[in-house]
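Dropping the structure in here first, questions after.
As written, the chains take the letters A, B, C and D, and residue 1 is the first residue of each chain.
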Amino acid sequence: MRTFRLIIACPDRVGIVAKVSNFLATYNGWIQQASQHADEQSGWFFMRHEIRAESLPFDLEGFKQAFAPIAKEFSMQWQVTDSAVKKRVVLMASRESHCLADLLHRWHRGEMDCDIPCVIANHDDLRSMVEWHGIPFFHVPVEAENKQPAFDEVERLIEEHDADCVVLARYMQILPPQLCDKYAGRVINIHHSFLPSFVGAKPYHQAALRGVKLIGATCHYVTQDLDAGPIIEQDVVRVSHRNTIDDMVRLGKDVEKMALARGLRYHLQDRVLIHDNKTVIFD
Amino acid sequence: MRTFRLIIACPDRVGIVAKVSNFLATYNGWIQQASQHADEQSGWFFMRHEIRAESLPFDLEGFKQAFAPIAKEFSMQWQVTDSAVKKRVVLMASRESHCLADLLHRWHRGEMDCDIPCVIANHDDLRSMVEWHGIPFFHVPVEAENKQPAFDEVERLIEEHDADCVVLARYMQILPPQLCDKYAGRVINIHHSFLPSFVGAKPYHQAALRGVKLIGATCHYVTQDLDAGPIIEQDVVRVSHRNTIDDMVRLGKDVEKMALARGLRYHLQDRVLIHDNKTVIFD
Amino acid sequence: MRTFRLIIACPDRVGIVAKVSNFLATYNGWIQQASQHADEQSGWFFMRHEIRAESLPFDLEGFKQAFAPIAKEFSMQWQVTDSAVKKRVVLMASRESHCLADLLHRWHRGEMDCDIPCVIANHDDLRSMVEWHGIPFFHVPVEAENKQPAFDEVERLIEEHDADCVVLARYMQILPPQLCDKYAGRVINIHHSFLPSFVGAKPYHQAALRGVKLIGATCHYVTQDLDAGPIIEQDVVRVSHRNTIDDMVRLGKDVEKMALARGLRYHLQDRVLIHDNKTVIFD
Amino acid sequence: MRTFRLIIACPDRVGIVAKVSNFLATYNGWIQQASQHADEQSGWFFMRHEIRAESLPFDLEGFKQAFAPIAKEFSMQWQVTDSAVKKRVVLMASRESHCLADLLHRWHRGEMDCDIPCVIANHDDLRSMVEWHGIPFFHVPVEAENKQPAFDEVERLIEEHDADCVVLARYMQILPPQLCDKYAGRVINIHHSFLPSFVGAKPYHQAALRGVKLIGATCHYVTQDLDAGPIIEQDVVRVSHRNTIDDMVRLGKDVEKMALARGLRYHLQDRVLIHDNKTVIFD
């Protein structure tokens, strides 16, 4: 069913829900899903509606024009999207295949509602897997002593493919600050630890050293601060003294790919609102 | 914060949310929480609002009168409750203490927002624990060959203590059909299996015999059909070949008390809507 | 590290561990892992050793000959395997790709220590995916009114490919009793429910109808009794009123593939001992 | 069933298991449970046996004398305990009741196999609850500007009550280094975060600020380094944007008490071996 998704964040006050639902009722909009959240601490209000598109008398542009005065009145940060317009997701990877294979397979069987215009990787290992899915693969090696040319090429490819969103599916390079800012709220990373534990390199080695009994993974938006952006999803798996670091890496892969897939799915369905380095997830 | 909780279930159509939120906005009602759910299969719509009581110009009776015409227009099943009015919960138990002790402790430390006018048990073992909490304890033995007098006394006690809700905290007797009907939607049971597996007696023995790798517990409303009422909450815990039936009983106790406490909490906060032998939980 | 895996089940009595570890010590066998389990209810004893192969003075045949008298003395059911000899696993599928894709990917990246001589399916849909992995794909359609020719062909293929083990990766046909018996303890199935709940067809529909709050999957050995064989692994995922049957199918897929992969891994590493329609898993 | 529990840690080499099981077989010891673990990284070997006491011809002292030469030969760190001799556990608390109430209830219904000679608290709030269980309660206030007298009294009480083990059941004071050292490996703490995340004060506030999607608790041995001792057990629970800090505190309490109860149970059954600031748990 085709829907319009209306996402709103604004300072809380009386009458927001009434105003918005009145607006929708005025145009006979059929609300398929609706969620609200009032955050007492920040005093902000968040809401998300899915409205059946065919129940409304206008298209997305018409909706935007009709709604703009209300948005202004309540100082809303807002967007409305059309579920029929697939987001364009550029995937980035290195050598590890588990997250990439998982996302490609979900996309291939129709579980991920997006287009994947291309995959960019700093190694060539995964080319065949990607191309089997009929997706262009770009190998952009990153030279340790001079990374900028590579990131320039990455940026060019992202632009050329008109990406709405970039997913770092275990891309083992740190994006330069300029790219983090340019695509703020649109670059999703999977970190292979339960953040904020074990920031940075080799988190499973850190976990083994500390002797933790659960290891985890964190799906988050990328910001300039390493592994410190807004968290979308996390999960864990139990480990024991019997598990070597290799076991942890293997067990962790399953957690990584699941957390990433769930996080990306939320993003694709416009279920994530970012506020104050945290996320509201209307699942 | 004192709130009014408005719970609505009705056939789905355009304009329900607008009508209700308009009503609230008309009276300057401050929506603290709101949740909606449209069930496509049944064609029903469910919603729950928490409105700050002090933002409204009327008390609960006034609210009911003002809202009644809207409810009628949309053929709503509905109720509105005042968070300041604690529900009266009668607990029933047998010999096993874990669920009862857990609920009493949560109540004692202020985590369960209810009054507990009394505990009824068919054994006298738990009297001292209950009385330490300052709660009256009634021992109503059930004779195997003639149970009706006991259930008459149970009914009398429930009525006398003006119970809004009855919790079977491992009460090991089956309530007679007449009581199930009389208190439909108001008697909560905890069954020590992951329903619909292992209905009836000795579920852990059944689980051990089948060799399952997870055992569970199910919190549900009681109906005339044994262990077949609407499910509120379930949970599981991992077991292995190393676990004897005694271990399962022990591990299961923790799952039982957690599932029961969560289920009761949902009920006390008017977060559970029953429809068609299933539940909508606005958590 | 190459190991010999010694698996033993026998009636319990004093001296079993001493006898076996003495035997190993006599030949300077370096025990890498060892697990024991005494089942009080059945009076049986189970044990598993991994011994470094290079620490022993004989090959697998030599080991068997040297150990046979001990096995006889204690009436042991036993086997010893060489970790360097990969098991040959025939995968069977229908149209659903998630379990097959997951196993193939794990195998492809070296996580599943086995050979996959071929995939057999009753539909042709997954041919390309399988062949990309360099694995032969056999399409053996099953005619509803006369299934025996298909199963004869399946049996022929299993034999021809010298399979140690057959995995039904969402193969939507029921194997005939004769095959169940012939490959007892060697055919692994994934059932898309938390058994013993929802045996048979369309378990997610059954789960939706019952209104459960968790759905699950069960990896088990196939026997003549449908979905009633020894359980190897189970897992669950939380669902709510918001989830349609389609959601449950999607969420369940992740549980299915994880439970199947873990169960198969246990089997491949000779960690599963079957006794009395239950399993001992030395994980 | 009364058992002797033999716990061993030593540098790994061939013949350890044979030597120990031979020793046991020589004396007709009936092994009820046995677990081994060879840690490849450290080169150490760990093992735990439960032997039926009535199958052995000597008492604990006799066992120790007979086993000592073997222990010496293999440079073992070892101990043997009698399951019939209950450990004496001193509980320490402040104002929060959930962990204390949980442990007391488990002890009361016979689930925790230990004696509790007394409870020590720096506030008097929980006296009545403790005394209802028939356990002496000592109120030892800690003065912010001079804590030593209080800790002297705590030490005196621990000694006077002949404690084998001290449990900090949300005792909100940091033990002085001297006590940490004196009772190394015998003081168990529950920290209300998923360590190493959120060390120190107000971890739920830290978690809320970071916007994590799971919160946790960690049961660990106390060392001089705050919240950095060997981890025994951890667990987590899912949270969302809907959860306030108060909710996190409430949800976290259940995780805390469960993790602490499991951790303490492992300790009481001599299932925990500490090595290199990590634990081997033979569960």
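Assume contacts are C-beta pairs under 8 Å (C-beta built on N, C-alpha and C of every residue); 3 or more make two chains touch, one makes a residue touch a chain.
As the structure is a prediction and not an experimental result, all values here were calculated from the model.
K.L.:
Enumerate, in label order, the chains that touch subunit A and subunit B alike.
P.N.:
Looking at subunit B and subunit A together, the chains touching each of them are C, D.
K.L.:
For the interfaces B-D and A-D, which has the higher count of C-beta pairs in contact?
P.N.:
Result of the comparison of B-D and A-D: A-D.
K.L.:
Could you work out how far the Cα centre of subunit B sits from that of subunit D, in whole Å?
P.N.:
36
K.L.:
I'd like the Å distance between the centres of subunit A and subunit D, where a centre is the mean of that chain's Cα atoms.
P.N.:
The separation of the two C-alpha centroids amounts to 41 Å.
K.L.:
Note the residues in subunit C that touch 2 or more other chains, in rising order.
P.N.:
Within subunit C, residues 37, 242 contact more than one other chain.
K.L.:
Report the residues of subunit C in contact with subunit A in the complex, numbered from low to high.
P.N.:
97-98, 101-102, 105, 108-109, 111, 128, 132, 242, 250, 254, 258, 283
K.L.:
Can you list the residues on subunit A that touch subunit D in the complex?
P.N.:
Residues 37, 39-41, 46, 194-198, 210-214, 216, 230-236, 240-242, 244, 277-281.
K.L.:
Can you check the complex and tell me which residues of subunit C touch subunit D?
P.N.:
That would be residues 14-19, 21-22, 24-26, 28-38, 55 of subunit C.
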